[in-house]
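In what follows, chain A forms one complex with chain B and a second complex with chain C.
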Partner chain A sequence: MNGGSFYPVSYSDTLIAFPSRRRAASASKGQPVLKFILRRIGASALVLLGASFLMFILTVNSGDPLQDLRESNDPNRDQLMAERTERMRLDDSDWERYWDWLSGVGGCFTGSCDLGVTINGIDVLNLTQQAASSTLRLITLSTLLAIVVGVALGIMTAIRQYSGFDYAVTFSAFLFFSLPVFWAATLLKEYAAIQYNNWIAVGQYAPWTIVIAALLAGFLLQAVLGGSARRRLVTGAATFGFVAVLLFAFNALDWWRNPMFGIAGVLVVSAAAGVLVTALVAGLRNRRALYAALTTVVVGVIAYWFTAPLLVNEPSWLLLIGLFVVSLVVSVAIGAAWGGYARKDSMLVTGITGVITSIMVVADVLMAHWNSFLGVKSRPISTIGSQTPNFNGEFWERVLDMGTQILLPTILLTLVSVATHSRYTRSSMLETLNQDYVRTARSKGLSEREVIVKHAFRNALIPITTIVAFDFAALIGGAIITEQVFGWKGMGALFQDGLRAVDPAPVMAFFLVTGIAAVLMNLLADIAYAALDPRIRR
Partner chain B sequence: MKIRRLSAAVAVAASGALLFSACTSPAGNDDPADGESTATSAAASGPCKADLGDVETADGEIKMSIEDEFLSYNGLTPEAYSVYNSAVVDQLFGNFYYFGTDGTICTDENYGTYEAISEDPLQVQYTLNDEAAWSDGTPVTYADYMLDWAARAITEDGKVTDDGSETPLFNHIDGLSLGDYVPEGPQADSPDAKSFTYDYERVYADWKIHAYPPLPAHVVAEQAGVSTEELVTAIQELDMDVLKDAAEFWNKGWLSKPGEVPDPAIAPVTGPYDFKADGWESGQYITLEANSEYWGTPAATKELTFRFIGADAQIQALANGDLDVIQPSGPTVDTTTQLEQLGDAVNVDTNQNLTWEHLDYNFNSGIFADSLEAREAFAHCVPRQKIVDDLIKPIAPEAVIMNAREVFPFQDNYEDVVSASYDGRYDEVDLDAAKEKFEAAGLKEGEKVRIGYAAPNPRRAAEVEAIKSSCDQVGFEIIDSASPDFFDKDLPNGDYEVALFAWAGSGQIASGENIYSTPGTQNYGGYSDETVDEAWKTLSSSTDEAVHAEQLPIIEKQLWDTLYGIPLFAHPGVIASSSNLVNVHNSAAQTGVLWNAEQWAANTAS
Partner chain C sequence: MSDIRNSNPGGEDYEPQVSVSSTDAVGLAAGGSAAPQPGEDKSYSQGQLVARRFFRHRGALTAMIVLGIVIVVAFTSIGVGPIPGWWPKDYTLQYDKIGDGAPTWEYPFGQDTGGKDYFALVMRGTQFSLIIAFSVGIISTLVGTLIGALAGFYRGWVESVLMRMTDVFIVIPLLAVAAVLGRMAGGDGILGLALVLGLVTWTSLARLVRGEVLSLRERDFVLAARAVGTGAWRIITRHVLPNAVGVIIVSATLSISTAILLETSLSFLGFGVQPPDTSLGTLISEYQAAFATRPWLFWWPGLMILTIALCVNFIGDGLRDAFDPRQNRSKD
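For the complex of A and B:
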């Protein structure tokens, strides 16, 4: 079908593309990287300048800033209109107003930034800082999640091309990609917030829900893992049994209202993660890496045992960040100590394992506080806002509150980005897998893991870097609707409110931030290229 | 093929989920049983606030939605003046009067009393409650009203305004109107007097709503570096050295940095609520807490939180308990349907408010300018009943055709005014009469009629469509000439035959003079009629309610007979509140549901 045309086209493409890329690379060889970056920044600044003028003119001509007053029947309407005309300088030419704005922005270089004031006389610089921090908070997590999940899904679907799993992911990717955000938000609010909150008040599954959930899990897992019919059946049945028993146990323990994980849970899950990471990165045959990963987990859990009182009794962000850094340093050191001939691999394995163990530790502490959190906030998942007004819980309850508030918009943004990321990764991975050097790698007897992780995946990442960088820049602007439906006042609201009032200052501030983000991300993508692609580095 | 079938099935399932979600929004509150008997508690018998007896502030928080950020403690500057800013500051300041649920002027005797001690020349005496005080302990006095007068009277050049058209020193939304009518300023014996009089230079029909809640003179004086007495003297003597500093602070000093609650030292309050320390998160919410120094009936609930949320997100937030009271702007049929689906968990209150929609003829040019028959022909074919039935009743079932301009269907004197001015001839479409008049006017088949309004506006587009399908049968050719800059270009240029828009009622008695008399500043169509002019003059130069009641039907009748335009309907309003709350009622006035916010309380009966 349509995917089949990949073979010949990509093959011939590569033949032509290689020499030309070489030429480009060698042409830039004589220029230092700094010069390249400076030239790029210079060109981007010019583009931004031109675009800012266009944007300004479009904004001030997009409507009538006096509209609300024209329809008013206030006796001193004319006076109000004159006042606003003077305040917003509506009688001056667009040129003058633009110049004024530009000189204000120019002040940023001399330390006296002035982005103007809104129609309500509020300082836009301050407003932009608040909006940008709110938007960044909203999109950072979803972007990270989308990259991890999207790339992983893309690789899995590429490896298992034309399987049921591939079709299912492809279909859902298209479904989520074409989903109108406001509608998906409405559904999410309905089921993940309102219905969930109704349910968590009791926190018990009905028996038939358990059966259906277990069936679904069994079906999904066998589709992902694949294999012969017999193997699929066994996978499915085992998963069904496991999930059903687990859910009944949760019911019996009232787990959803009193979740617990415990130090043993941290140990088991982190160890499993460690093994998985080793298998992916270094291969299980590399015993040193495996032992290094397991040592990291054990050290992490022992450290948890000693720091737990601190975490529960005197938590702070500083403590969390400090512990995280320490755990990262210690894990990498463990990797280096165990390393041997493959020290780099080993350090990577322990580093990742260390991060996962830290996350598990935090998850355990959070779970332990879930019940008291429910006591403070009986309907945990909110449909609006970035925080519960006047929420006064302890540190961990506040963290949970922030988490439950950010949950729905994050899910939504992630779904949409995962769709694109998985598609790009899939096609890029497929293309790489069909390259000659992959075939060579296979024929010289490398394990499939090594072929995929070391030879194919790394090369497949190159085009994805660009997409991810652009996506991040676009998300800042693209979160307008998400922000609006979930009541986050971020960059989107800044833009929208400004445009509605035909008020150029906030619109231009939005433009500046998104424009600069796009330029920077693009630059970052170019630099990342150099790191990923040895041909460019040379 | 297999894939296609599967995806089609999932697509159907997905769209089914949409429909499903639309019909089954359940209520957020767990116990529907206690949502029944809320209406009984203190139902107001009239348009004014009910007397709740002894109220003790109960702990708790009520979350209300407003659609935009709080801006400033001083909501009287044009920058900060918005419906949403007023929603917050209205809770902070007491005043001599407030608007009841149908726009009636109600007095607040907690705060003070006022009366006209002489009708002509008009003299109004205000007497503040002896206990009335700012939350920092300073009594509310004559000095505060002196500052209020200064802000509405003194020009940039340091004079008292002559005709209200000069550039003012203070940036007040009301301009210089008070100085225009009361050039001498309020009169009292001493700066700390509790009673003072306004001596009007000429009669002002709307004297009852001339007092704004004052801003604290003692704070402004301190900021200008003088004592309160010195500030009062400076105002009396027009000492610009002091006044410039005072105005500078008045204009800019109270504008808040988003998220920073105003310092209590410069922002004392006189209302039932006060700012809560750290209670403002920029872009998210602002919380007010009961003013512990309030001398009157205290707020029923300790905390009132305004969350800044757009209209589309409000209903689900109400269902999830993130909000307790909502008032979505621009309610549509969907709003009411979705709210109804929440069942017993919420109380929904629809009404008609003081904004009304109308069709106005262009008297400056075009086919309607000189021909009464042409106007009558058009009036006969406009399907007013159908427009109300199709577009308004689904939102607010009590909606009716509006047959007057200065009174609203839900007001007491509506029946009297309408029966004296209009016989109901344009209620239903009468195509035969329309055709007759059409011919009498000498119009030819295919006569173009441009109906102008500010786009985009789906409801007005639907109205024009309804008019087109009816009036085209008469021989008109209706053209929908909506444009985004209708008020900016088409209306002043006269590029329309009929203008379709709404006036927001201000509660003033004489504000219509600007619209219907010659040459009123808002008489866009250029209508002119001697009878109407004279009646307005009589009305606006009298404070006698009997005179008002006598002149109003004269004006309305003449406007109907000469067909200034065709009133259509009062805009519908929808509010909803959690059924756990009592005393939440809708109001037609601009304050909306918030008109009695300090009376809202959790239902303790169940």
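For the complex of A and C:
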């Protein structure tokens, strides 16, 4: 790896082989990418097999599964011990037990999965399905957030190298990946959950809080945007004024307990996002892209107007996903229709704008339900569990419940990943910004946006892809701790309980899910590589 | 990690980092970035250049001083083994509680629920965590360097076997395999724990060193050494590894911060340090319920972990800049 990018990913390291050019070149006959990917899957399967054997042997030898019974004074102790020995096949050799487990897993390919039973005879497959869904929900959300925030921060700090903003982000990044997660989790529980819950009962900001928040926002924004002293002052003052007025208005409207966004809000925010996306991806001088983005927003809002009754009254997940897919297709189609000389750019712009508009619509619906949600659950942010037990509410209130439960662990996992992603992106961007082709791009008169987005960022993305993929697997490991602190019944709990009882079946189930997730993410990274670096496709 | 480099746009004509840290006997590789700056008539050795760049990194320097203070205080205050320290209180004794045990001049870190002096307890935990972290750093660096160097130098089946082995370790989440091994080594005290943690954290260094060695072995000075009949082991230890020292040192530093977080996390989960030994992780685990009533029991060990890990990360960053200053050039 080049230059400064030899940072270890927290709790993890890099995984399986990168697609090197050597290998890519050797797979150049026929359909290179497909062949290449198949080979990678084959190699990964072998690695998984070896790792599963190692894990199994280590787990069964990590302690005595009969210990609790040996220490008990139960009169039928011997019978219980004999039963457990029989059930877990403790008299067989480790090899035989491993083979037994492996053939059970092998059954998954023929449609009859068998992941074994726990020490108490509970079917592990069932447990795994429940646990994996809650863990993957957590991990996926944090990964997505971390990619967006981390890469954005990394680019901004690379562009503004050695600015106050760069130093601040660098220091925070160091702070976050030096943070003991279990410790930070307890702090977050106290300050983000309990204090917020106390505050939301009233939902009013004190005037001095507003002044401080506005000052902070103004200071941050001027540091990010930079420029001359005069320009910084204007930026800071304008932000201060805007935030202060906004927060006072929120207070007056009791917005925090009764938030609203309204269809006009969706329109304004999505349009602003559309303009921003256009400015970043295609440049505002590409009018067709700009009009395409704005068309997408208008069509989205009109569609929201018509589908609102569908959305508000007990929709199903399937309907929501269907609507999302439809809106994505429609937005990309709008981009293609406006097209012009840079059709791909327009389609990318409208695609992203469409996703943002959809998110805004969902946010609007959720906000409309916040007040009634507070009525059902007066202390909204919980610190334990992935769902409030016996929670009865409408569809959107249930979604809000899940959201408030997932909030804290997500923040925590995201922070750590953002730290690594931003550092990697920064060093990768600095590396490319120093390349000759970037200087060439500048000297032939391209705009700074084009230099950064098209020449530097696209090339910087290649190493970042790898890191993101590896980090996903690392996050599942990190989730063990997060789940423990927040009392989630996920893969982490499955692993821990299994290991405490020297019970291989749940431990191996944990390994299977993490291993397969790691392999899949690497495959995605390979495909992304092929998309980003045409030399691999050749 | 040569693979990333290979897929970079400038991959083919990439200049390996040897130039900045060439202590090679043949000494062919005095690169441009290592040359003395114009206008200075004094010339510096590679080591001096690295040291100068390191000491100019203010964050790293501060971190080194802070970490030094932490280490000195942790080991001298309560003493090590039979050697007594300067702190008058013992971590095993229960003292009369002052009030609810909040920090006072008498007990700067407060007292725990039973009246024990929390400063002494935290210092003991810090000692254990530091010992484990540094041992893990040393073990994983040795193992990683060895495996990476062998794989990169010999290529062929040796490389295949060693790198597939590395992949096997990498595919298991680090925390998971560490927890399993930690549970196995639980009864063997902290050195046993340090050993098993060292045996699972070498993977990233092995890959880095392999990548570095892959590019170094093709260079002229290795060819020259081969031509005069130098043995493989001597080439590796005298010609190749000294040129990869930058990567190794930085990675070793950062593995210490990984180790301290890993150890405290494991101890927090109950798979790491077992009583009667203690570490910063077990202290947090023990007192996390006391957060609402006795927050100081919770704050101090966490802040110690944070301080140590932060310092180590900053030192690693400073070392990286010192060994490989290419990124520090502003855009030109």
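Going forward, the second predicted complex is superposed on the first by the 503 of 538 C-alpha atoms of A that agree within 3 Å, B and C clash if a C-alpha of one lies under 4 Å from a C-alpha of the other, contacts with A are read in each partner's own complex, and residues count from 1 in each chain.
Convention: a residue touches a chain if its C-beta (ideal position, glycine included) is under 8 Å from a C-beta of that chain, and two chains touch if they have at least 3 such contacts.
Fair warning: this is a prediction, and the values are worked out from it, not measured in the lab.
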(request) Would you sort A:140 into first (chain B), second (chain C), both or neither based on which partner it touches? (result) neither
(request) Would you check which partner chain A:476 touches, where first means chain B only, second means chain C only, and both and neither mean what they say? (result) second
(message) Quick check for you: in the superposed arrangement, does A:182 touch first (chain B), second (chain C), both or neither?
(response) both
(message) Under the stated touch criterion, which partner chain does A:495 make contact with: chain B (first), chain C (second), both, or neither?
(response) second
(request) Go through the superposed model and pick first if A:316 touches only chain B, second if only chain C, both, or neither. (result) neither
(request) State whether A:190 touches chain B only (first), chain C only (second), both chains, or neither. (result) both
(request) With the two complexes superposed on chain A, say which partner A:484 touches: chain B (first), chain C (second), both, or neither. (result) both
(request) Report the partner of chain A that touches more of its residues: chain B or chain C. (result) C
(request) Could you say whether A:161 touches chain B, chain C, both of them, or neither, answering first, second, both or neither? (result) second
(request) Check the residue A:63 against both partner chains and state whether it touches chain B (first), chain C (second), both, or neither. (result) both
(request) Please identify the positions on chain A that touch both chain B and chain C, taking each partner from its own complex. (result) 63, 175, 182-183, 186-187, 190, 484
(message) Show me the residue ranges of chain A that touch chain B in the complex, using the header's touch definition.
(response) 63-64, 66-67, 70-80, 83-84, 87, 119-123, 126-127, 130-131, 134, 167, 171, 175, 182-183, 186-187, 189-191, 193-195, 197-198, 201, 379, 381-387, 389-390, 484-490, 493, 497
(message) Under the stated contact criterion, what part of chain B meets chain A in this complex?
(response) 3, 6-7, 10-11, 14, 17-18, 21, 25-26, 28, 30, 61, 63, 68-69, 71, 77-80, 82, 164-165, 168, 171, 173-177, 252, 255, 257-259, 276, 279, 281-285, 287, 303, 305, 307-310, 312-313, 316-317, 319-323, 454, 484-485, 487-488, 491, 501-504, 506, 508, 511, 514-515, 521-522
(request) Spell out the part of chain A that touches chain C in their complex, as residue ranges. (result) 1-8, 10-22, 44, 46-48, 50-51, 54-55, 58-59, 61-63, 161-162, 174-175, 177-184, 186-187, 190, 427, 430-435, 437, 439, 459, 462-463, 466, 473-474, 476-478, 480-481, 484, 495-496, 499-500, 507, 510-511, 514-515, 518-519, 529, 533, 535-536
(request) Within their complex, state which residues of chain C touch chain A. (result) 1-11, 14, 17, 163-164, 167-177, 179-181, 183-184, 203-204, 207-208, 211, 247, 250-251, 254-255, 257-258, 261-262, 264-265, 268-271, 281, 284-285, 288, 291-292, 298, 301-302, 305-306, 309-310, 312-314, 317, 320-321, 324, 326-327, 329-332
